[in-house]
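The chains carry the letters A, B, C and D, assigned in the order they are written, with residues numbered from 1 in each.
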Amino acid sequence: MVGPGQLRSIRLTRTAYSSSEMMIVVSARQLAGERVCFVGVGPPNIACNLAKMTVSPDLELVYESGVFGSVPARLPLSIGDPTLVTGSVQVTSMFELFAYYLQGGLIDVGFLGASQIDRYGNINTTVIGDYAAPMVRLPGSGGACEIAINAKKVFVIMPQSKRSFVDRIDFITSPGHLGGARPAEWGAGPSVVVTGLGVYRFGAATGEMELASLHPGVTLEEVRDSTGWELRVSEDLEETAPPSELELRLIREELDPRGAYTR
Amino acid sequence: MVGPGQLRSIRLTRTAYSSSEMMIVVSARQLAGERVCFVGVGPPNIACNLAKMTVSPDLELVYESGVFGSVPARLPLSIGDPTLVTGSVQVTSMFELFAYYLQGGLIDVGFLGASQIDRYGNINTTVIGDYAAPMVRLPGSGGACEIAINAKKVFVIMPQSKRSFVDRIDFITSPGHLGGARPAEWGAGPSVVVTGLGVYRFGAATGEMELASLHPGVTLEEVRDSTGWELRVSEDLEETAPPSELELRLIREELDPRGAYTR
Amino acid sequence: MRDAVAELVRDGDTVAIEGFTHLICFAAGHEIIRQRKRDLTLCRLTPDVIYDQMVGAGVASKLVFSWLGNPGVGSLHAIRRRIERSDPEPLEVEEYSHFGMVCRYVAGASNLPFFPIRSYFESDLPQANPRIVPVKSPFGDGSVYAVPPLHPDVAVIHAQRADPAGDTQIWGLLGCQKEAAFAADRVMVVCEELVDESVIRRDPNRTVVPGLIVDAVVVEPKACHPSYAQGYYDRDNRFYLEWDTVARDPATFHAWLREWVFGLESHAEYVEKLGAERWAELAPGEAWSDPVNYGRYA
Amino acid sequence: MRDAVAELVRDGDTVAIEGFTHLICFAAGHEIIRQRKRDLTLCRLTPDVIYDQMVGAGVASKLVFSWLGNPGVGSLHAIRRRIERSDPEPLEVEEYSHFGMVCRYVAGASNLPFFPIRSYFESDLPQANPRIVPVKSPFGDGSVYAVPPLHPDVAVIHAQRADPAGDTQIWGLLGCQKEAAFAADRVMVVCEELVDESVIRRDPNRTVVPGLIVDAVVVEPKACHPSYAQGYYDRDNRFYLEWDTVARDPATFHAWLREWVFGLESHAEYVEKLGAERWAELAPGEAWSDPVNYGRYA
C-alpha cells in the first residue's frame, strides 16, 4: 500500500501504478475541454502532455519561463529547459508573459503545488512556522500568487497528510476561495485538488473543499485521518477510475521514460 | 531677403544659404558635447547628422519609431523610413523606447518643433483657437509632451513671426519653463530655440527666453517685430556665424542632395 | 479579406489598425470602406493617410489618437474638415500623446485599470481629455499621470509572415502591434506571406503575436501600400505627397475613393492597377540577417 | 572578468545577476566570491544555485527574490541555513512574486515611482513585505497592488553575443534581462562570443541591450555552467542534482568553494577542470533559424 501523502511508488503487478502516476492521470483527465494551460515543470507538465495525447489534443501550453507552443524533444527537467524553446511557437519576455498571457486573462487553467492547503483552497508555499523566524523556509510564491488570482481555474496537485491538509495554513501565499467567496474580477479559483488519496472539488456556494472521489483502495477513514479539518464528502462520492493501460504506457514509454517524476 | 518666420530660401551667390540651412547649421553646432539625441524627421534629422559629421562625432541618435543607432543610406523622408532600420543597432517596441530610453532618462537632447511658443518655452502643437472648436487643428503631441518633460534638454527649431512667438499660446501641448521654474525631477527643459532670425536661450533664474544671437543681416527691430511680447535681449548679443563652406557642402551634397528640407 | 472584414468588423466597433509608419494595413481600411461600415471609433497613434481615407469616407464617428498628420508631408485634410468645420459631419476626438496611447494598449493587454506615465504635467491635455488624470504614488513620492486601458473590439495587424494558425512574425519597426493585438477582443492578421508552421518554429523569438489570440489570417501581399513592409517593398513617398493634393478638395477625394476603392473588387486589383513599374520602383535590395542556432536538445 | 568585477561591483552594492534558468552568469558570481565582496544585496527572481554559492560564501547580507529553490531539485541549503538558523549569520530577505519582481525592474527601467499589478489580494505577502501596497485606480474602478521600482547598482547580463561597444543579442528565454539592465546604474555584459558590430547590425530586432547602457563587455565562453546558453551548451542537470548534496553540509559546501572558486584563477580554469568529456555531453545539436531580409533602402 502507498501511504497517505507519499509519492513513493510500489509496483505490484504489470497494471499496478504509483501514487504519482495516479495523480498525473487524474489531473490529465480534468483537462478535457480546456484550451490554454499555464504549466510548471514536473507532474503538471506530464499531466498536460498526457492530456494532449488523450482527452485534450488541442491543449495549448504556456510555460512561465516565457514559452508558448513548446514541442519538447525530451522530458524538460526544469521550467526553463532549452528543449522547451527549440521549435516552439513563441518566446516572450517574462513581463509580456505574465502581463499579456496571465494577467490579460488568456489562461484557462493554472497548476499549483502546495505545502499546505486549507478547506477553502488557500495555499501556502512560503514558510512553515512564523514568517520572521520560519521553521522551514519554503520556495515562496514564484508565479503562484498571480496564477491563483488570474487564471480562470486553478488545479492543485499535492501530497496529502495532516501536515499538508490543515485547518489553518501558516501563510497565505496564493488565495483560494478565502472565507468562501472570491471577487468577481478574479478567475474562479481552485476547482480541483488531486492528491495521492483522492480528488476534491469546491462547493459552489460554500467555496469549501469536498471529497469527490476516492482512489482505488483508499478508504474514507484514511482520508479523514489525513485531513486537518472536518472534511465534507460529496453525496455522489465516486471511486476514481484507475489509470488505463494506455495512460500508463504513455507516461512510462513517452513522457517520463526514466521515471524522474513518476516512480 | 528671407522674410521673418519663413522657410523659403533664396540663393544669391555660391555661399548664400537658405533660412533652413542656417537653422540646421546652428542647431548642429548646439549639439557639440551632447551624447544621445531623440530625433524627429526633417530639419532635426539633418542637424543631428551634420553634428555627427562635424562637432559631435559620437552623437547617438534615437528615433521615436523605435530605432537606435541608425546608419541611413538615404535621407529618411519619414520618422519610420525603412532605411533607418536596415543596419541599425537596435529596433525596439515603442513601449520600450518611450519607457526605457526616454522616460528612463537616457536622452540628453530632444528636438521639438512648435506652431506657437511663449516666452517660457511652453509649446503649442495642438490647435489654433479653442480646443473644442479649433480654427486650425494641428497634429497634437505625438511624443512631444513626454520629450518636453523627460529629455534632459530640449532644443526647439521653428519659424518665427508674431503668429508663432506669442504672448499667450492657445494650448500647452509641451511644458517649457512654465511660469519660470520646473520641478526638479523633470529634465531641464528648453535650452535653445533656433529660428530663421536668431538663437534664443533661457535665463537661469527667470526661465525666460533671451535673444542670444542674431543671424547675419537680421536686425533687432525685425526680431522685435516678429515677437509677440517684450523680448529680453542678452547683454552679450552676438551675430550668428554664417554656415561654413564645409557645413553647406555636407548638407547639399550628402544629407539632403534633393533639397527636400533645405531649399 | 472580404470575409474577414465582414465577420470581424461590426458597425459601432472600436477598431485599431496599428503599425507605426511600417506595416499599416491600407487594404483592410479599404475593405472597411468598401463594405460601408458605420459609426466606428478608430484608434491609432498616428492617423495616417488610411484614416484620412476612412474618416473622409464616412465610416467613423470618433478618432482616438496622439499625432494627426500626413507624416513628412503635412495635414490630413479630410479629417481636418470634419474637426474644424464639421464638414460633412462632426468627428469626435479623444487625444493622448504617443506614450499615452502605447500605455493604453499595454494596460488593455495586461488587464490593468490604469497605466502610470510621467507625461502631461502642466500640459493642457488633461483638461482637453478628462480620461488623463493624476495618480498619487502609494509610496508617498509624488504624483504621475494615469491613462485608462484601451480594449479595441478589433485590432488589425499586418505582418511579413504568419502561419495558418495565425502565429505571426514581424521584423523592422514593431510599433505597438503586439500590445494592440493582446488588448483587442478580436484580432485580424494580414500577411505578405503565408508560411508553414515550421518556419515560425525555427525562430520563436521573432514571433510577435501567437495564433492563440488571432481570429482570422488573411494573405494579402502588398496590403500596406503606400506604407511599407520591411524587406518586401518600400514606402511610396510619392503617394503620401500626392495625397495632400487629392485630399484637399472633397471632389478629388471622393473621385479617388471611387477609382481606387469602390471601383475595385479587391486589393489584388489595386496592386495590378498601380502597375508593375511603380512596384519595381518600390522593390528594396537585399540585406539578410544571419541565422542563429537554437540547438537541438533531444 | 576580474577587472570588470573589481571596477563595477562595490561592497554594499545592490547586484542583480539575472537570467531565468537560461544565461545565468555563474562565472560573474564566482569572481565576486573570489574577490570577497561584502554586504551585497542580491536580487533575482529565482536565487538559483549561484546565489546559494554567493550567500553561503558570505558576500551578501540581503536577498531580494520571488522563488527560492534549486529548480527541479529542491532547496538551496546554504540560503536556508542563514534564513532558518542564522547560520553562520542572519540573511535579510525581501520577497515578492515573479510578476512583482519583473514589474519592479520595469518600473526601475521606466523611472516610474511604482508599478500596478493584479496580484497579492488576500495574500499574506503584503504583510510580510510592507513595500507591497494597494493603490486605487484613479478611474474609480477598484484597487490593485503596487510594487516599488528596483534600481540595482549593477546588473550582470549574460548573452550569446555582443560587439565591442556592448550591443548585445540574446535568443531563447529572455527572462527580464533587458528590464534589469535598463533599471541598473551600471551594466556588465558577459558573452559567449564577441562579434563584429556588423553582425549585430544585420539583425537589429535581435538586440536586447544597446551598448549605450553597457559599462563593460567581458568575453567568457561557457560562463553559465551549470545553467546554459541556448544553442551553445545544455543545462547540466547533473550538477544541479549534485549541488543538493554538496550544499547540505557546510563542510562539503566550503570544500566545493575552495576547489572550484578559490582554487582557480579564472573561469577558463573552471572550464578546463570540468573536462572535455563533460562539455561534450552538454553540446547541443543544431537547429538554425532562417535568415530574414531587411532590404537595402538606398
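The rule we apply is simple: a contact is a pair of C-beta atoms (placed from the backbone, for glycine too) under 8 Å apart; a residue touches a chain by one contact, two chains touch by 3 or more.
Computed from a predicted structure; not experimentally measured.
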Shortest contact path, subunit A to subunit B, counted in steps: 2
Cα-centroid distance, subunit A relative to subunit D, in whole angstrom: 28
Subunit A and subunit C: spacing of chain centres that average the CA atoms, whole Å: 41
Contacts with 2+ other chains: residues of subunit D: 106, 111-112, 117-118, 142, 171-172, 174, 178-179, 202, 205, 230, 234, 284, 287, 294-298
Residue list for subunit B, restricted to those that touch at least two other chains: 67, 81-82, 85-87, 91-92, 99, 103, 150
Chain contact topology (line, ring, star, complete or other): other
In contact (per the touch rule at the top): chain pairs: A-C, A-D, B-C, B-D, C-D
Complex interface listing, subunit C residues touching subunit A: 106, 109-112, 167, 178-179, 182, 197, 200-202, 204-205, 207, 210-213, 294-298
Touch list for subunit D against partner subunit A, complex: 20-22, 45-46, 65-69, 71-72, 79-80, 83-84, 95-99, 102-103, 106, 117-125, 127-128, 142, 171-176, 178-179, 228, 230, 234-235, 237, 240, 284, 287
Partner subunit D, residues of subunit A touching it in the complex: 41-42, 64-67, 77-82, 85-87, 91-95, 98-99, 102-103, 126, 131, 134-146, 149-150, 171-175, 178, 183, 185-186
Subunit C residues within the subunit D interface of the complex: 111-118, 131, 133-135, 137-139, 141-142, 144, 146, 148, 160, 171-172, 174, 199, 202-203, 205-206, 230-232, 234, 284-298
Footprint of subunit C on subunit A - complex, ascending: 36, 60, 67-69, 71, 73-74, 81-83, 85-92, 96, 99-100, 103-106, 150
